[in-house]
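Given below, in the form of structure tokens, are the structures.
Two complexes, one shared chain (chain A), two partners (chain B, chain C).
For the complex of A and B:
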């Protein structure tokens, strides 16, 4: 399959270019082929969102790309500049945010804000755009007679809003959708609906999907490959089922242990599993492995130098001295 | 305030008791063009004993949060009775009894004043209820912050300087300031990283043991409920449709709504084991 996106050595910083520089993402690289679903897993503050924003030129003020490249269908997104990015954003790559309520314009009817995108990217006139918007809304599971396009965002439930945001994301037939915590604010039943919707859209439209999350569960139906990030670096990557069933990096192991099952057994009760400590301060990262202070398998070498990429199994990469 | 005599012995009287509690909201024109009256609570009869850990579950919009807000005195019920520790709170949300019930929201970060320092945030409830001198209040705030495991130098920092997990800790410290007997935790662990969520849950369980608190968990996350609560109540469309002990319930919910919830969550998670 054709390669769609190649990210190489992407490094994103915040703050002063000289001192007090915070490295939110350092040296991240991965490949994505067309129609592939990958999951990026990690705690909050580990750089997942910065990574996504950097690729689309959406870093908040004070953030900049120090080095690296993100080549999408032959063009480097990082050197493209705003006019070029505007043509790609929403048309070829779309982003779904965590908070659907904030992604929607509260004073526009759903149909109108869907039409805006189609008018901007597909040069439709407003009538065509409105009709097309209705069709797309049907694709994300709204029935034809629901008149959802006449609704204002505040009249919708959280799940409905997220569907509208997804409809906006797929309206122009993108090749890649980046979903940043798409279900974090929804209840379990609606979460499942949204994830299943994303998965069916991915299959139907041959979308590539990058799913960014801190809950491993939601990656199961979608992701073929998982990257685990910690303190701005990828610490492990591999095929989804292998990473979830037999994690290699102590961080992934800890994170997955915190996940809870739904079957009462004696051993499963209190206290709950957690990784001791907190994620490190990105402004003062340790010299060695960033996870070392919280790691139960810490060795001397971990504090001395940064871990290198190792391949304990053919398809899997892990950045941990345990596997040297 | 309605001065009812204290009802016999404290141990027997549930700490929270509601009788036929009702609450509705009127919303403006819907997109289908009509005024909507939403009956959020349609007669809630609930009893929570002191020291109990009750989980309230149900789909979004089933009235869980409205019930929580009524119990904490933030919302005035339309009709019905609310008894806190054997006293009828009537319909006055200024009833003194409500200091015994504290509500912690999901977005506790947003419910803190960004200009306040951490110790001001924690001691504000004390200030409002005219407790002690300024120095005493600050002392108490710092003690409370220690209880919830915040670093010693946190007192002077502002809310924005804390991470998500630390902000939740701050909210818990603030909730404990007036020594309430009931904490209502409305999705208080939602949206946290798994590891932080585990840390917070353990902290809350420790605090519950140390202070003999009563917890009312409101959560969508059944796997957490299973570990944190001892009793469970399922809400649907403003009614409590089932209540049972957690173990009984997880072995087999009786109400169709409960079965749906459990099935959906299990189907979801069992995918992870496949």
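For the complex of A and C:
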């Protein structure tokens, strides 16, 4: 399989370039091949969204890339500049934002908002674009005669809106879709519907998919690989089933334990777990492992220096001294 | 139940007759205001037909003639279906303030859709249709005449073309500039924002009436009616962009951070596209309301300038230079019909403010 995206040593900062710098993402690297689905897992504020925004040059004001590269099909996205990025956004890489309800302009019809993307990237006239938009809306599960393209966003449910946004994302046949918490604001049933839709689209269109989330459960159908992030760094990565079933890093272990087992067997009933403490202040990261203050398996070395990449198993990377 | 009724009153400070009443009322206001404005503008635009005379046509033998009354019943008690006026006779030696008397023997029936020659040498005797008139040599002055014996009604209608449209064009100019600068300022921010907003503050601090004096001082003494019209529109419009630009900037500032703007950007939209399609559409409400407030303000500005002799110059009429006749105390005291141009401003302003009010409620 051909490599699609190679991220290397990506470091994103906020604030001024001297002191008081906040490192939202530091030294993140991963590879993605065409059609692969990966999940990025982590608490709020651990740099997942900054990572996604940085790759597409969409960092909010005050944010900038300190170093690193993100090579997509041979071009480095981080040095490409705005006009080049505009041609790639939506056409080759699409980003789905968190809130579907807010991602659609309330005063424009759904069909028109789909069509504008096709007009921008595929040089269609508005009639062609409208017809094409209908076809794409069919692909995300709206029936032909639903006339969904004539609807305004307020007439749709949350799940329908998210499907429209997904349709926008795949309209121009991108190679990569980055979904940033795509189901966080939806109810549980709809969540699974959307996840299954993303998975079936990924299979059908050979999309690569980066799914950013704090809920491990939704990664199961989609992700082949999982990256766990903490305080802007990757702390563990490996094949999805291995990471979810036998997490190596104490943070991943804690995160997975926090999940709620709705129908526990009597033997497995336990109090609801949580990770003590809170994520560190990104402006003043500890010298050693960032997770050390909250870690139950803390050793002396953890506070002294930063952990290095270790390979306790062949396919898995973990940044933790436990496996030294 | 102690204090029950008092609490109920506190929870329901205003009871509306039925849901949506406010909206219904707003639509009624908007329709009424717009209808009034459209009518006034149509009549003024159709001055060539509605006015019985050309605006500069003089009737030297009847200066300051009072408005003629329309009659249906003549001196002998006969009722006529066609309205008529009596010819006015001028008595220069009379001591009365208005030395005119109706001549009951000269009945001038009003004729509708008459062909009348256009005054002036260039017209070469060309004729065009007028809504009404009387058979020559009779004259009809429904709103009286001024010191040159020019028909006030005709001047009022032609003058409206200047005054109403000066307000309209100047508002379009300053709103256009305001939207352009305000949206650029709000959207791009940083140094551009700083420059534009400091500029806006300077313009808001300018005493624009003196600015016009200054601009006028650079121009030759006599400027044609057309040039002075555009000069007025230019100065009023160019100095007025500051306030609308600040309002637009505010709307753009809040609109540019909306999620759907970010979403559109991550699907490949350019800055200009975002501004045009997703952001500017939010400013329409503010811009329309501003328009309805600015136009009457600018009409008044034109009237003021022309009143001071800085605006459109004679013989071309404008409501301002018609009112300039009132600068003479004798005119102010004796000839009440010379206030006509000031009085017509009242309904115009009322209609505009009605529209502004309705737009504000709707926004």
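General observations
The working rule: the second predicted complex is superposed on the first by the 316 of 324 C-alpha atoms of A that agree within 3 Å, B and C clash if a C-alpha of one lies under 4 Å from a C-alpha of the other, contacts with A are read in each partner's own complex, and residues count from 1 in each chain.
In the analysis below, a contact is a pair of C-beta atoms (placed from the backbone, for glycine too) under 8 Å apart; a residue touches a chain by one contact, two chains touch by 3 or more.
Bear in mind the structure is a predicted one, so any value in this text is a computation, not a measurement.
Contacts of A:283 after superposition: neither chain B nor chain C is touched.
Touched residues of chain A, counted separately for chain B and chain C, are more numerous for B. Looking at the shared chain after the overlay, A:144 reaches neither chain B nor chain C. Contact with chain C, but none with chain B, is seen for A:95 once the two complexes are overlaid on the shared chain. If you check the complex, the residues on chain C that touch chain A are 258-260, 262-270, 273, 277-278, 281.
Listing the residues of chain A that touch chain C in their complex gives 56, 58, 86-91, 94-95, 97, 99, 102-107, 116-117, 120-121, 165, 168-169. Of all residues in chain A, only 43-45, 147, 150-152, 155, 157-159, 184-192, 214-217, 220-221, 244, 254-255, 258-264, 268-275, 278-279 touch chain B in the complex they form. Taken together, the chain B residues at the contact with chain A in this complex read 30-32, 59-61, 163-166, 191, 193-199, 201-202, 205, 220-224, 226-228, 246-247, 250-251, 260-262, 264-269, 271-274.
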